[in-house]
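Labels run A, B, C and D following the written order; every chain starts at residue 1.
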């Protein structure tokens, strides 16, 4: 199934009690695409990510990763199959050093599993890979600092670093630039562009500049449904999108 | 006169001393020429109630003996060690006592502790010839200590639980009003051995008695005894035999009184701390019996005088007449051997006959190092202050001595095969 | 048989309600503050002793009123000068703080009142058998305990669900900042909740003290079973605690009334294990013997298969 | 339970020295420890000190095993003594069996038996309890501990009832002329195992699994999204911790030649929690410090005062409130200052603070001991001796002194604390300038 989409979502639904938050989402993200999901607050973007990454179990519908069904599986298994995600609220290991944070992201993919019989320093390729990621996210200098005392922008970078460290080929980023200054955002976009090279990227983002500059295709999620999917130009032009979403956002 | 309990010394001086000793490693080099007795019992935590009374008793005795010149020209000294009622901790404290120069240790609370100490003393004496330590037991009553696990280095002054049952059942033998007996005991070695021996002895002496219940409940875990009382009531028992102590005794009795259960209670430890208070609360006037080696309201004038002096000094009942026997006999044995050498003192104690605290002759049996003496049965309730001067725990009620069980009626065979050095 | 069943049921309910009385403050503090208070049984003990002291001077009834107030105030001080300072370090630190507090309180009580049980009496007014069920008396004091337990349940339940105070307190747990912005003094709310919890423990102490044994060991002996009640009921659920208390009371009472063992159950098989083997020990132990450990079995099973407890809605 | 109170400053840093060649850098502290362990019995010769040091060794292994769960993985257990106690029972039974059958197993190998017993039961009980985390896990551990404790009184054949099971460590196969009868020889057995276990447990923290333990402690949800199942991590940590608790228990069983139900009592579980926390759960050496201090105090403090548990409780509360990183945390706070060479800047204010601290301690001790004298030791009269001074606790004088000390300490602390704070901040920022603090 090598020509299957990297990520495919089929009629995905999720309810919390009587409230249906995701109301039948269908989406296919081909390999190597940078795909952005936009939508107003409360549209269900984070819930969608949680369903894909295994944090939540769908009420119905399927999620397929490279043609294989992953929905309903625990998060760690989905991660092992090559899907990794970041979080909207920084979600790292605060009282561990930056280096350790990234290395935790590397370990499983380096086939270390739960090894308690060999030293972590001696594990082949682990430290090298960690160094490379540190370089990529620009935190080499801060390697020995506890993650909890990093600046906000650095923590966001580390969040991405932990996410990509395992070498997953499908990456989900949840509002990676939220709360950043203009300059910080530019740096972050550069980073995202670099790390998503050769990978499949799905990104939730509020900053339309970022979205339209980065994404190959965009999906618009409103009230738990995707009302449009297409290249940036098409989305920009869509009257439906404008009405439902961009209109209010563009002026904000 | 030398009495010391470490806690009475200055805290900082002790810390400093410990620090210096630690630094220089001369902890044990301060031995003075006294006969040191290591008293190893709980001095903190819940068990301390009894442990502290015991320590006071031994301090009282040391004063008494030293006033008479001590033994073999030396004065006695008792040092308290807090074992927190924990066997392992007891072994550590025993090691400390021995390091501080004690060749005699004494202990009474808890058969588990006693068993551990016997084992430790055996091994210590085997591994340290010439430095033998004696273990004088004043209150741990597990029969095994003078039977299968008997030791040349261990002497017991309290009647073991089998002897107490022998005395108790001999008392019950002619009481034809006892027809249905219920046994309720704590589920641990003491309670189990008590229930087993009670069955055997009752069957032998009073085959007509029906044992209508035989209950074991977890040790110190029951808050509400009402269900047990309901069972006793349903069984139609007229007599209950129990070895319960502490809150297991108090709660059992309270629940019985609440439910209006009307039976006679034969107990081992009704006189223990809190027991008299609980009996008074329930209003069970002369319904609760206990078997002991002597009551405060016993007949002997000398014993009453001592009781009076003890109460005046410590504001506490003298729970341990047997400690008096123990220490007085120890002094006699040291004098007789004219030595404090463990083996010689032990040899002098064997088969020693002695006029006991509450009157009558007692004997340290050579075969198993168990002391035998007349026993007494009494009941707790209102007292005639003129004839029975002592009440308990400020309740106004006290013990009334009802019967004496002669020495011969307390004798039991032993399975001990004594190994002598 | 009917007699034993009826009496066991009654005993079970009475015991269960006593448990609830003791556990209500614990569950209140947990549901409001998220703190599992290891020192709860110590406040219960303190209540019993303070009540005893007052009863010696002024009788039982003033003790019933004053002791909870005094202990409640002590609880507030503990919250203000102790717990609040460790709050920032999380719930584990809070739990450990109360763990240490339990040590200290036991020692303090021993210093003041000694280690021996004190003579705490049932008030003369209630010291008579209320009724007799098949020759078994039920003292009026037990009915009084039952009434107080139920009154506390109803009172707390109404306060938490039907009043503004309850809403504010619940909101303060999840959204302290929001509640503070609305002009409520959040630290004061937490302090009061802890005080009320300690006061409830003290009421239980004053009431259970005379019926049970008032001694410095009473906290340590009671502690673990209260956790069973609160956890089995569902952490922080008041109704759950009531149901769990009754369940445990009945479970224990009925277990005690049964002498059955595996040996009886399988007597027909003729199987008998070798003496002095573990199998033999298991074979001969009776249900009555293990009755008091059944609650712990219940606890473990409950947490494994339904970690939210009977009526709880959160896991930790 | 991601809120284990670790101070930020006390979390160990990653070392970049792993790749260096030559004498492995990490060997040095262990060699030093070995030398100290070897030398101790020649400095502290009496059997009492040998006994106390043996207990410390056992407590160190136990506390380190406990910290594998609490400090490393964030699991607060109230029933760790279960594995300790079972380790002791299995080793004692095995020794008795080996004595009876003359099985050729020397004593020094016996602690392994306890370890495997602890491991076996941890595999069973861990499977039940590590499915949950946080408070639920703690409560399951409490329930299991009660169950095992109670079973020990029911399964008498194995647990030996109240008396427990005894053995004789000198009757096993001897490889040398050491019988291990004396406490001196026993000390070396314990010291050896203590060192081996400590090295093994330290090595564990430096494995992929050890790192993921920290990750699970910090953020179990995130650990899932780097491919790890937090339940499995917790389970393995629980099992390995059970192994070393079993080793510690076995050492206790051999040392006392006795196994009984006390070994898995609630107080045993409580003590290891106290010791570990007082020493500091955020560092590897913390539990070692705690174990040494607590075992010493347990044995010796009861000689000085009968309310030793009160001091114990107060000490624990003080640590929880004022030094959540424990003793080791307090020390490690200053390591960056030392490295930066600015430690001297805080020393004067510390020395100054010694005065109110001493006043406070003396005042508190006076308050407690005088109350005890009047309330508990009535029969001994009001005259008492404290700090080498005899006085009458019934007179107002001593109480006035006590109050003055406490009030003085309070006032002085108010005066000094701004100064201390400034000194600390200065030193921190100076150290930061030199790149030693982040």
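We adopt the following convention: a contact is a pair of C-beta atoms (placed from the backbone, for glycine too) under 8 Å apart; a residue touches a chain by one contact, two chains touch by 3 or more.
Since this is a predicted model, take the numbers as computed values, not measurements.
Novice: Would you mind naming the chains that touch chain A and likewise touch chain C?
Specialist: Shared contacts of chain A and chain C: D.
Novice: Find the chain most remote from chain D, comparing centres computed as mean CA coordinates.
Specialist: Chain A.
Novice: For chain A and chain D, what's the span in angstrom between their mean Cα positions?
Specialist: Between these chains, centre-to-centre, one finds 43 Å.
Novice: How big is the gap, in whole Å, between where the Cα atoms of chain B centre and where those of chain C centre?
Specialist: About 35 Å, centre to centre.
Novice: Starting from the mean Cα coordinates of chain C and chain D, work out the distance between those two points in Å.
Specialist: Chain centres of chain C and chain D, defined by C-alpha means, are spaced 31 Å apart.
Novice: Indicate the whole-number Å distance between the mean C-alpha point of chain A and the mean C-alpha point of chain B.
Specialist: Result: the chain centres lie 74 Å from each other.
Novice: If a residue has to touch 2 or more other chains to count, which residues of chain B qualify?
Specialist: 48, 187, 218, 221, in rising order.
Novice: Where in chain A do residues touch two or more of the other chains?
Specialist: As it turns out, chain A has no residue touching two or more other chains.
Novice: Residues of chain D that touch two or more other chains: which are they?
Specialist: Residue numbers touching two or more other chains: 150, 154, 307, 309.
Novice: Spell out the residues on chain B that touch chain D in their complex, using ranges where they run on.
Specialist: These residues of chain B touch chain D: 6-15, 18, 22, 25-28, 43-45, 48, 56, 81-82, 84, 86-89, 91-92, 95-96, 98-99, 110-112, 115-116, 119-120, 123, 127, 142, 144, 187-190, 192, 218-219, 221, 313-316.
Novice: Hey, which residues of chain A end up touching chain D in the complex?
Specialist: Residues 53-55, 74-76, 79-80, 84-85, 87, 91-97, 99-100, 103-105, 107-109, 112-123, 126-127, 143-146, 148-149, 162-163, 165-166 of chain A touch chain D in their complex.
Novice: Where on chain D is chain A touching in the complex?
Specialist: 6, 8, 11, 13-14, 16, 18-19, 203-204, 206-212, 214-215, 218-219, 221-229, 232-233, 236, 240, 438
Novice: In the complex of these two chains, what residues of chain B are touching chain C?
Specialist: Interface residues on chain B, with respect to chain C: 46, 48-49, 187, 215-218, 220-224, 226-231, 233-234, 247, 250-251, 254, 258-260, 273-274, 277-278, 280-281, 393-395.
Novice: For a test of understanding, state which residues of chain C touch chain D in their complex under the given definition.
Specialist: Touch residues, chain C against chain D: 36, 82, 85-86, 89-93, 95-97, 99-104, 106-108, 110-112, 114, 224, 227-228, 231, 235, 276-278, 280-282, 285, 289-290, 292-293, 296-297, 299-300, 303-304, 307, 315-316.
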